[in-house]
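Naming follows writing order (A, B, C and D), and every chain is counted from residue 1.
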Amino acid sequence: MSLFTRVSAVSATLRRAMSTSAAPVRVGIIGAGRIGQVHAKAITAMHGAEVATIADPFEKFGLAAAETFNTKYTPNWEDMLADDKIDGIVIGSPTPFHAEQIIKSAEAGKAIMCEKPISNDLATIDKCLDVVEKTNARLLIGFQRRFDANFKEVNKQVANGAVGEVRMFQINSRDPAPPPAEYLASSGGIFLDMMSHDFDQARFCVGAEIEEVFVAGKAFEEAAQQANDLDTVLVMLKMSNGAIGTIGNSRRCAYGYDQRIEVFGSAGMLSSNNRTPHTVNFSNEGAISSALPYSFFMDRYALAYSGVMEAFVKMIREGTPPPVTGLDGRAPIVAAMAADKSVKEGRPVRLAEVDIIGTSSQSAQA
Amino acid sequence: MSLFTRVSAVSATLRRAMSTSAAPVRVGIIGAGRIGQVHAKAITAMHGAEVATIADPFEKFGLAAAETFNTKYTPNWEDMLADDKIDGIVIGSPTPFHAEQIIKSAEAGKAIMCEKPISNDLATIDKCLDVVEKTNARLLIGFQRRFDANFKEVNKQVANGAVGEVRMFQINSRDPAPPPAEYLASSGGIFLDMMSHDFDQARFCVGAEIEEVFVAGKAFEEAAQQANDLDTVLVMLKMSNGAIGTIGNSRRCAYGYDQRIEVFGSAGMLSSNNRTPHTVNFSNEGAISSALPYSFFMDRYALAYSGVMEAFVKMIREGTPPPVTGLDGRAPIVAAMAADKSVKEGRPVRLAEVDIIGTSSQSAQA
Amino acid sequence: MSLFTRVSAVSATLRRAMSTSAAPVRVGIIGAGRIGQVHAKAITAMHGAEVATIADPFEKFGLAAAETFNTKYTPNWEDMLADDKIDGIVIGSPTPFHAEQIIKSAEAGKAIMCEKPISNDLATIDKCLDVVEKTNARLLIGFQRRFDANFKEVNKQVANGAVGEVRMFQINSRDPAPPPAEYLASSGGIFLDMMSHDFDQARFCVGAEIEEVFVAGKAFEEAAQQANDLDTVLVMLKMSNGAIGTIGNSRRCAYGYDQRIEVFGSAGMLSSNNRTPHTVNFSNEGAISSALPYSFFMDRYALAYSGVMEAFVKMIREGTPPPVTGLDGRAPIVAAMAADKSVKEGRPVRLAEVDIIGTSSQSAQA
Amino acid sequence: MSLFTRVSAVSATLRRAMSTSAAPVRVGIIGAGRIGQVHAKAITAMHGAEVATIADPFEKFGLAAAETFNTKYTPNWEDMLADDKIDGIVIGSPTPFHAEQIIKSAEAGKAIMCEKPISNDLATIDKCLDVVEKTNARLLIGFQRRFDANFKEVNKQVANGAVGEVRMFQINSRDPAPPPAEYLASSGGIFLDMMSHDFDQARFCVGAEIEEVFVAGKAFEEAAQQANDLDTVLVMLKMSNGAIGTIGNSRRCAYGYDQRIEVFGSAGMLSSNNRTPHTVNFSNEGAISSALPYSFFMDRYALAYSGVMEAFVKMIREGTPPPVTGLDGRAPIVAAMAADKSVKEGRPVRLAEVDIIGTSSQSAQA
């Protein structure tokens, strides 16, 4: 391997990076838990960005995280809103706090990155987005899969017309193992907790709005049965561009974390397969064996999470609009509500039935 | 996707990371060029490690790099040897400086990570390794492929006996495009410049020493012809454990950076395929198309480069021996010399012919 | 390659074949068209079986086929029923003739292989199966996919419990290009004409009965629009064992004849990919390209069609029951009727709604 | 699936086949063993061709085969030469008889298909080809791999310039298990018995002559050691067009019958993978498993063997020259002799050293 190859191109990139004499983008993080730390790590690894403060009501965890990332700690997230040197707020707190934190951050003039969902309640979301709109705040929703190389490629190729007119699509999304019953009990149900990501993916990859859903689902295992939830669901979707498709979710998947999509159109098909930790095959007298997909979503989407933070920092630095908007955060909640209704009533449900305001003015594309 | 999944396991890891109250490992970097910056970036992203100083004779580049990584700059690398707070030295300078820098770093009691090759001259290497041995210095050689998930898997499975007795192997290593003639002229030739990595890979993946080589090669393109070098070579190897194999190198590869290995034994075969930026397939009326391999070695081996630095920091922190030793750095140079001789004399050449000291006492495994 | 390898085993097989001194199985074929000839060719290539007569009302075609296969011709298929030397009848005539030909062949004591469908009318099917039952006739239905190596493997592994409890499945079945409008007009609609194969495949691969269907469908192209038919349909199924699944059909598929199934269960997943004419990959600066699937169903299922005839001859020779029964021929028609009803009424339809007799006593497995 | 699809095109083909009013091609087969029966079966399944007689000195086997294929038997192959109604002779006898049978068949004016090798002795081959030339006989050599869809595709694409200038190639050919010691003892050695096929494949796929070989080889197992043969060999080749390549053979392959080739050039790479009985993948908690390659060469090359007979019948019917000539049968023997010499002398050997007449006037392409 010649170290010389393409040296000039890379040096140019590095030189550009090095010449960034502007002040770094400074970010405050609410929540010292796992997701907050993932974002803190991503920011730390970026040139031209730094973690200004980490806020968490639990002092022990907050202080430890602050030490890890060489930054300040506060038990009170609202302190960060008053700090002029903080450009953006990353909201990694539990869901019930999201709406208030978005609203106050927006009013304080901060750029905002909020983990999904904004809320599980549509009225709360709408109130929140109202403030965002009135304050001209820029709000990025953390659908990390939109920053995954595979799904970005599907989105791009569909938008480029590679498959022609989109006619059918299939999304498979399966978790390695179900969470414990107590988690399920407060999860909001499989549609909000799990499939909301796939509803977003359908909008992102197909480039259209979800208009109708019909659900077949079942609780095969005790955990879901006890929580009065489903663990295996298949949802049929009709999209605003005429495409029809399915999303299949399972809380259990023996072979790991399964995340695939297939988009079929008049001119061809795009199919996004799983990613694996390595690509070594082993052949012996029994079979040809290849590696399982990643078994944990934070491994599968490690680069995608970094992509979210890069997009957030870029948004702040360059003043560009968020690539995933508040309306993108709202649409999957509406779909999840319609899916719930479909299960209860055993019939196809149009999203307009559960969403009087309507989603017709939303754009589905990044 | 449930954010809950496996949360406890991950939190444990993060908690461990957070509890590292020990002083961080401090590293000085010689060379502000591309490879120096790759290492600096990897250290910056690690918990418990930091770049203490960057040394480079060219002030402009050195200062810019130091600013990028928030660290000190010195035009004189020897300054770092006197600094008690510096634990390890990363040598990313041009090859002719490596030996002296290793020797002085070893004498100064620093841990050392040196980019390959130590030198292109066997006597110089031996003198250097002599000092390393006498000073009890720990020297890590930067064969980054040994830290790649694919090749690590092959090495591990072969060592575990998955393929039984190793009988044949094939390594393919092809660069996207040849470097310019002026680079080739001073590259030391394709065996030192390019195949030395593959000689190392043969030792690592097969778990044995190279005993004999026979070369068929050709200069198909003008660049190599002008430099009196070859651009396409196929080397047959006999290993100390009886396995026979080939390494194929090409300076040009239309479809990107091709890096594969296949190890065949009495009980089966391991084959390591390329890695691709995404795993989306596109089917239309012409073909089913899938993504090309990465076209640049720094993309292909991005995680492997981080792995080198993690190994270096771990080596310093825990006092463990280097996973890639000076003798591992020496062996490929001997093989390259034998390959050169095989080309010139048109016959198989045993490594013992060019290496009177012998390599029999070396261990091939990490 | 050593010609010796396994020579004894093969010779044994050949010796057994050679020692078949029993009289050959003699088959009469109704229909000198394409499918009749496919069956005639398969029989001709078999040891211990021969085409006794070919019947076709169009003398020109019938005579030519008889000459091709070195056999007799008759314009009147009923002649064959009177021929004591004919053991079995292959019905390859147009659908409207099937029922009468089955009934009279059954009454004549012949073994019967009938192309699907028996009829598009449920009452006619039931009357026909009634006669088959009363006469103890053995009737094999020509669902050739059940003899395809891939689908047989899925069926076998599911039955062996490889995936544990079946929870979800997906069948994709797409034709290269739609037939002309005039064909569509008399085709019986996409569910009878095209999806009936997939309904059978669902029963075969999942090992359970279809209980409910819900359809989303559309006519994207003019041909289907003119015929008042659909060309793109997605059907959601609930099975008697609790599994849920989908079948997707498209009359157009840019990349060829797409025939895949995925069966997902508690313990793993089986996925059957397409077959291709060759397995050569081509990598250049644009992509890694691999071969398209077969673009014609008679190529894709060439071996499966031979398998149907082998099963038929074996059934006659050994007196074993048909591996695909009349009830297997009936079930997909019921599912197609329910799918039609679902489209018209925009709601999920249980098969029991369109089938008062019920399918509960049928076995879904070969 | 619509039975209508492409019906007209197929009917046209069948109509053409049916209109063949010309007399059938009549073939006599020497040898009632396995390979003779494979050819007899292929001819029986073809329109417009028939097996006229089967000759075998062992009456019991010959009679049984004749009965199986509804044809005549003779203990004396020379009888067939006198039979005016026989157009072509298929030679499936043991190697020592090939040369005499070719010579007498040529003198009798018959078209000839002879299993490889013509002989293991170069002088005998040359004498034989001399007669073929003088009598203007058409002789087809049975290198069945040339009729395999994969290798035909590689040959075609290389000839079309898909990979540009061919620079490197790799052939892997591995048998599931070694033959018994007594077979090995009289096999002529691994180069004649096994690698001669791969030498032919190199010529066919690369489109050039072999000029030089260098061998590394070993007897890992007792069977080969006892026979004073090798069971694992790696041969490096230099071709007349400048390409360099390797052929690897192993008498044992845990995962089945491994038959692959990779041709790398200035513009890209063709790689031909194995064929498998099915394409179903199974994913569970251990791995993603896919099917092993066929484990028996007669399964792997079943269609290719038919292709040989189709080519032979076409050659007779249309008077076209043989697609695989006597010179194609000669070249691999020369390469095998050079490989033997390379093993004995431990050095690269040019084919011209063992072949004074030279092969320069031969064409390597079908």
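The rule we apply is simple: a contact is a pair of C-beta atoms (placed from the backbone, for glycine too) under 8 Å apart; a residue touches a chain by one contact, two chains touch by 3 or more.
Note that the coordinates shown come from a computational prediction; the quantities given were computed from them, not determined experimentally.
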Both-way neighbours, i.e. chains that touch chain D and touch chain B: A, C
Chain pair, A-B or A-D, that carries the greater number of C-beta contacts: A-B
Chain whose average C-alpha position is farthest from chain C's own: B
Approximate Å spacing (C-alpha centroids) for the pair chain A, chain C: 44
Centre distance in Å when chain A and chain D are each reduced to the mean of their C-alpha atoms: 57
Centroid spacing, where centroids are CA-atom means, of chain A and chain B in whole angstrom: 36
For chain C, residues that touch 2 or more chains besides their own: 254-255, 267-269, 282-285
Chain A to chain D touching residues, read off their complex: 254-255, 282-292
Touching residues (chain side chain A, partner chain C) in the complex: 164-165, 167-168, 170, 174, 214, 216-218, 220, 232, 234, 236, 238, 242, 244-246, 248, 250, 252, 254-255, 258, 264, 266-269, 346-348
Contact footprint of chain A on chain B as seen in their complex: 1-7, 10-11, 14-15, 17-19, 33-35, 37, 41, 44-45, 47, 64-65, 67-68, 149-150, 152-154, 157, 162-163, 173, 175-180, 183, 187, 193-194, 197, 251, 267-275, 277-285, 296-298
